[in-house]
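Chain IDs A, B, C and D follow the sequence of writing; residue 1 opens each chain.
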Amino acid sequence: MPRPLPHRLLAEYLGSLLLAALVIGSGIAAQRLSPDDVGLQLLENAAATAVGLYAIILVFGPVSGGHFNPAVSIADAVFGGLAWRDVPAYALAQVLGCVTGAVLANVMFEASPVSISTTQRATLAHGVSEVVATVGLLLVIFALVRSGRAALAPSAVGAYIGAAYFFTSSTSFANPAITVGRVFSDTFAGIAPSSVPVYVTAQLVGIAVAIPLLRLLYPTQTTAENAAPVTEGQVR
Amino acid sequence: MPRPLPHRLLAEYLGSLLLAALVIGSGIAAQRLSPDDVGLQLLENAAATAVGLYAIILVFGPVSGGHFNPAVSIADAVFGGLAWRDVPAYALAQVLGCVTGAVLANVMFEASPVSISTTQRATLAHGVSEVVATVGLLLVIFALVRSGRAALAPSAVGAYIGAAYFFTSSTSFANPAITVGRVFSDTFAGIAPSSVPVYVTAQLVGIAVAIPLLRLLYPTQTTAENAAPVTEGQVR
Amino acid sequence: MPRPLPHRLLAEYLGSLLLAALVIGSGIAAQRLSPDDVGLQLLENAAATAVGLYAIILVFGPVSGGHFNPAVSIADAVFGGLAWRDVPAYALAQVLGCVTGAVLANVMFEASPVSISTTQRATLAHGVSEVVATVGLLLVIFALVRSGRAALAPSAVGAYIGAAYFFTSSTSFANPAITVGRVFSDTFAGIAPSSVPVYVTAQLVGIAVAIPLLRLLYPTQTTAENAAPVTEGQVR
Amino acid sequence: MPRPLPHRLLAEYLGSLLLAALVIGSGIAAQRLSPDDVGLQLLENAAATAVGLYAIILVFGPVSGGHFNPAVSIADAVFGGLAWRDVPAYALAQVLGCVTGAVLANVMFEASPVSISTTQRATLAHGVSEVVATVGLLLVIFALVRSGRAALAPSAVGAYIGAAYFFTSSTSFANPAITVGRVFSDTFAGIAPSSVPVYVTAQLVGIAVAIPLLRLLYPTQTTAENAAPVTEGQVR
């Protein structure tokens, strides 16, 4: 049975806060310290995000599920995990956490506590990228969950996001809450408010694509208890 | 007993699609964002590929085996895993997936959806490299499978390929399907059609070298159920 | 029952020595070999620290707990792990180890065996960063310990510290012993003696913030024996 | 009971061959592709070595122990693992494998198949570094082996070596066989023949230092079967 809702919301808030501080903070450091090569900046940002995300999911996963992402919470509700009535509270905690984390990142790097990003990202290619990025993220998480391998989710999600920063042109936000949070820092990882609708719409499309794929690939739910060890990432 | 063939082919198609989008997309990003250092481009490309491959194999492994590679499917059939009659369908799904992924990568980065690569790679040194890369890949996968440690294949394959991008001069395609897919993007990871036969031939030679080595090193098949934990990567 | 105190102190001393040699030595190498890009220096320093820390905790963890950090030893005592009477000896061994490791790093790189750092780091932003860094570190360690997942601490701590080098402006010392040790090398990772009080005070504040959060998130102690596998980094 | 000696020697030969091809090949790629920054070259070399070593140990570990290193074989014999009578054959297979791997790396990169390195490395600081590097490597391996955690050795050794490339000035050869093998490639990872005695002597000193430390830290041998899960990298 799940932990009391307030505890879970605190976990989602704190985890989302740390996630946004991680993503935005490492972006600021990369931008300032490697001014001559944007690819190197993205490598530093991606590497920090990948390994940091692994640690953050480990911290909060057993309390709230470690979503930090309304797209994950919605998909979890669709598959019968999170109760639908808890989804709005989860999403609110996630957005508030990401906004707070953006402010914290700004403060840690002596920038103005709040600055609205001016980075325009609303292109068709970025929209396609966000659909792909979100589908991939949900496949990673729920393929593991639905086959009794949820213990691998922290490392798999960190690894996937680290890769997706590079293989999509949008640098793979794949998360409506962090998309909103990134508005509040006019730095490397920021996004202009006017570009948010394109990103969030694409992420919602990603959910709609991922759900039926997961139902097809993993038709039945397997719990860790009855999963054979051989099913964990087996080659055949 | 294996999943129905159509499900497995869908998994191979989608996994190969994501693999090609990963390899080619991160190559485009690296080439554009780090224009001054080819080594840094390759580092970004290799790091993204390594961690992304780990995630993709985790997603599709339990459904189809997570091959995404005709060389792996052939070796699996040789060792009595995949049924020989399923190999052509696997290979077709893999090639189609890789071509689709190349197109998707081009679209995500606002390049022409299809462009034929002009990167000549047909040299003797590259051919030797592809033999070595393919032998190594098959040793990694089937040493694990044949000793009851298949659960480690996702991380081991990702790690191996990340290393092989650097320690071979061919950047280690080691996969006939991705070799064909890379023809369709005239970017960092591309390969000119005229170089494909050299690469694919070398990969087939790699299969022929790896099979007897694996039979010698791991003469008997061990399943996860009867493998002692101590045999997992033990030092002695 | 724990190992004899002298054995544990030797482990803390040696582990702290290797930790300081790792942090400072890789900083010297990065500074010398990548003179044109401070971000690249930090990437090299962070990557080496992350993976090296994973190995060092594995080596000494079963003997002494693998703290190498008075903040961790204090928090462990608060939660009823380490006996309070052993905390001063642990802290002394950790500080001595870190100072010795600084000297060793200097010697390995043909620098003067002891040089006092002149790098001023005492700013409010750095202080805030050290609070955040320390809270995060303690959350990572004790969330795992209190939920029966301590076996994941070596990889989680390495990953977290690697990320925190980038997402905080202080480069995340998060450890009073290494803060003192870094005084003794006037190189990339050094800190001027006058900046030490700000860092150590912030780290103590971090302990005070982390303890009640951990009590709230993980109210009961779970041992590995009665932890269900599904609780390890589960998504729900 | 161990596998027949010829099978084990084949595994040691092939693993050492791949190790040398990995270390030297990735060094050549790094040197050619990132000509402007030696630190970046070392980062590429270290990252490839770390993840590649993980994969190679996984492949050959269950057959021969996956030493690829006379220092490891000697220490294993001291602790009662490998039979003393097998040590010379292991060392010979390792040296031959590393030399073959050097030639293979040269061929893969269209260099002369054999070239004698002219990189002078014989300094006191490098000697100290090799002692430290070897002690650390043996602590990592045998702390795990002696506490029933040998399954973690592949990732721990890869991680440790990746870190040690940066935190020692000698770039951490820590292996007499690879030291000899690196003589045969006048490229990034090479070592002049006249510097070999300093390195190998330092590595032997490292063995002499590590053995008593390990006996003190891990007085009794624990097998995987009777090791409590909580002892794997536990924090307390």
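Throughout what follows, a residue touches a chain if its C-beta (ideal position, glycine included) is under 8 Å from a C-beta of that chain, and two chains touch if they have at least 3 such contacts.
Computed from a predicted structure; not experimentally measured.
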- Task: Could you tell me the least number of steps, going only between chains that touch, from subunit A to subunit C?
- Result: 1
- When you check each chain against subunit A and subunit B, which touch both of them? none
- Could you check if the interface between copies subunit C and subunit D is built from the same residues on both sides, meaning over half shared, or from different ones? different
- Select the chain at the greatest separation from subunit B, using centres from the mean of Cα atoms. C
- When the CA atoms of subunit B are placed over those of subunit C, what is the turn angle between 0 and 180 degrees, to the nearest 5? 180
- Quick one: subunit A and subunit D, Cα centre-to-centre, how many Å? 38
- Note on the structure: Distance in whole angstrom between the CA centres of subunit B and subunit D is 27
- Note on the structure: Residue ranges of subunit A touching at least 2 other chains are 36-37, 40, 43, 47, 144, 152, 155, 158
- Query: Every touching chain pair, please?
  - Reply: A-B, A-C, B-D, C-D
- Query: In their complex, what parts of subunit C are in touch with subunit D?
  - Reply: 7, 10-11, 14, 18, 21-23, 25-26, 29-30, 32-34, 36-37, 40-41, 43-45, 47-49, 51-52, 54-55, 57-63, 65-67, 72, 76, 81-82, 104-105, 107-110, 141, 144-145, 150-155, 158, 223-225
- Sites on subunit C touched by subunit A in the complex: 36-40, 42-43, 46-47, 50, 123-125, 128-129, 132, 136, 139-140, 143-144, 147, 149, 152, 155-160, 162-170, 213, 216-218, 228-236
